[in-house]
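We call the chains A, B and C, going by the order they appear; numbering starts again at 1 in every chain.
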């Protein structure tokens, strides 16, 4: 799902204080707290999977397609595997791949965006062209043929996710980078002969902290979703247990048509909750950096006249 | 003489979670029919706040928390939304600081003008367009430009369009919020001449906001000087030209060198000067009001 | 005009790059795809299939600079190879019978999501702090976090299987003859409901939020204040002034989101057995039907580029500032 493009209103300052301030404000924002809490819950679940279910989760442990019961809290799959075990173990792969791919994609986006913004000229033209092309070419079809032709495995999945995921962030980062590059303090650094890398890292990047964070969160969301889609089609690594492969097997085994909801609901719900948690964090970062988006103290129409609270005048003639 | 616009003890506050800041602090001033009142002061003194408050255009977190604004006897602050909407532009119109930003970029000039007539006078589109042509002629712009978009006009043309729009319904009061600040000096003169001529022709009163004292002295009948949300001096322009009474006004006037005449040393306010405890206006000469108060100079030593 | 030409040139470059990617991928593939395929389908591929595969994967011995122009020519004249999973039907024929359904599903979903989403966004921005502004966006974001196909599964389960309100699969009821009769169209519409609904529900949040945020920014512009000062009616300000300006980024967003909607449509088709291009996807992947997958990639990309080009033309009509250049 395309993350909505909001107006870029990062208020720049010199140095890295921007990031510290942002993190502090996040700590106070309800949405961010909720999002981080959910994420931590899932990460804990993923880490605890080997503890709670020490054996191979794809082991057959019970009767096929049993609904949730005391022994198997989320029931069993058509083959008799414990759904809860599969879900928890699945978190490990899905979260790992999602975060890894998201991180790498953001890295590529930062490099491309900053380089294009800073150096301009022919380099910028080439990078912009590449960015726009990758933005335009539809993601899923590209993902499919890339994954189909490359040997199956986790590495492949991460690589193709990065290839299809970097462009969105690159465009935004370049745009923001360019507006910062035009600021006077950057010009001052250039004139005093600072090395380009230093300027990019010290003057430009810290002031883009919030945009970079939003890009990172967006890339992770995208990676998790795209990975799920890939695996759902059967292009993932069939040896791994992940939320996407769980859904693939659920479909192959016909669980949906047979009404065995406990088989396909948990993994999908997990994906949704993690994506939602990340989206909440994104929403929070957006609100912090763009104060206009914050919830107003009272509901009011956009074209309402100035509120009058002079002693004998009527309250809020809106 | 009953005033056209009466602002009495107006208080405008900007309210946040922690505190409320007074943008306008018990401001009282009135404007008569056909009179040109200038409101001067540095950035942040509250002149724009007062101007916007008159038409109730201020947005949250601003709030009018005290005082009254009466136009021809009617209490503007207590008007219903619908009545206010009707009153706006018809009786009082405003010219904002940047014409480029006042015009919507994706609509033709002609349509933006026609809007006024189709809304207020319930005219048909065709009749509205005819009126628009007449307005263009009023400010001497080729009516063919009505088909253009704002970005296709020059800065001066845009400002004249905006002024023409303001005059569309022959309002009795025109509020000009820094109408020439964004223009170069030559165009400034043209626009001012335009305003003077229109005022002579149509006879509206003017509330003129600016930080440029020399402009103000040239155009206004009376001048009010604001500082930190309060009026510190209110007098006819002629009186101020002869001699201002408040230290702040003197400093303002003293900051504008004259282009002709002998070289004079400019004397302004000392660094760190503050005016505190500004009292209500006191009449020191016929029609000439000054606010008493303390002037302190904050040096390294104190506070 | 120059803007349009530049965009057209760009789309042609992008399309050419896609074709080239299709050409390069099999040849760059690590490992040996042919032997993998052959061992997979031992005895099930007849010689002509093997030959077709060889050609596709570039395993014949001619140097690439001889193969490339020929490949380019073949693609541009509509020869996308022979499908493996649907042998001996040519890929182009398979896709052309499926593409219309995908376009129908994608187009309908897009229009509904765009119109309703943007409308909600306009209204939410107009009345800040209202229910529409405070609670609906987070809820829609939550919906938007669901993977397309999973929400599709959920909807199918609840409305199709459990409640029996909607058809379970395919584009129209079995046995019905395609025609322009009202009965057929109504039947198609009924089958479109669940698939389109799942795409709409997932994507609508993004539209609402984007429009709302753009409107909030627009509403603070001076010309909106001027419009208020002019005494215009609030509804006129909201739509003719504010929304009219906020629509410009929205139009651009539509272009950018077409790729996502298409991806969602493909996956949704798998769940509903909706006979579009995506429906075949799972089977094609399982059957290692490379020609079909590549053909699908090319066709979808071409369609998306074309759609973007149309969007650009619309954008030029809407933004006078672009027209000047």
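Quick notes on this structure:
FYI, a contact is a pair of C-beta atoms (placed from the backbone, for glycine too) under 8 Å apart; a residue touches a chain by one contact, two chains touch by 3 or more.
All of these numbers come straight from a predicted model, not from anything done at the bench.
Taking the mean Cα position of each chain as its centre, B sits at the greatest distance from chain C. When every chain is reduced to the mean of its C-alpha atoms, the one closest to the centre of the whole protein set is A. Here the two chains linked by the largest count of contacting C-beta pairs are A-C.
Computed centre separation for the pair chain A/chain C is 21 angstrom, with centres defined by C-alpha atoms.
Inter-chain spacing, taken between the CA centroids of chain B and chain C, is 53 Å. The distance from the centre of chain A to the centre of chain B, each centre being the mean of the chain's C-alpha atoms, comes to 49 Å. Of all residues in chain B, those touching 2 or more other chains are 57, 59, listed in ascending order. In chain A, the residues that reach two or more other chains under the touch definition are 296-298, 300.
Multi-chain contact residues, meaning those touching two or more other chains, occur in chain C at positions 220, 228. For chain C in complex with chain A, the residues that touch the partner chain are 10-11, 13-14, 17-18, 21-22, 25-26, 28-31, 33, 125-130, 133-134, 138, 141-142, 144-150, 153-154, 156-157, 161-162, 168, 202-203, 205-207, 209-210, 213-214, 216-217, 219-220, 224, 228, 234, 237-238, 242, 249, 253, 256-260, 262-264, 266-267, 270-271, 281-282, 285-286, 288, 290, 293-294, 296-297, 300-301, 304-305, 308.
Listing the residues of chain A that touch chain C in their complex gives 1-7, 31, 129, 132-133, 135-142, 144-146, 148-151, 221, 225, 228-229, 232-235, 247, 251, 256-257, 259, 261, 264-265, 268, 271-276, 279-280, 283, 286, 290, 292-293, 295-303. Interface residues of chain A facing chain B in the complex, by the touch rule stated above, are 296-298, 300, 304-311, 313-314, 317-318.
Partner chain C is touched in their complex by these residues of chain B: 55, 57, 59, 85-90, 93-94, 96, 98, 101-107, 115-116, 119-120, 149, 151-152, 165.
Residue ranges of chain C in contact with chain B, taken from their complex: 220-223, 225-233, 236, 240-241, 244-245, 248, 318-321, 324.
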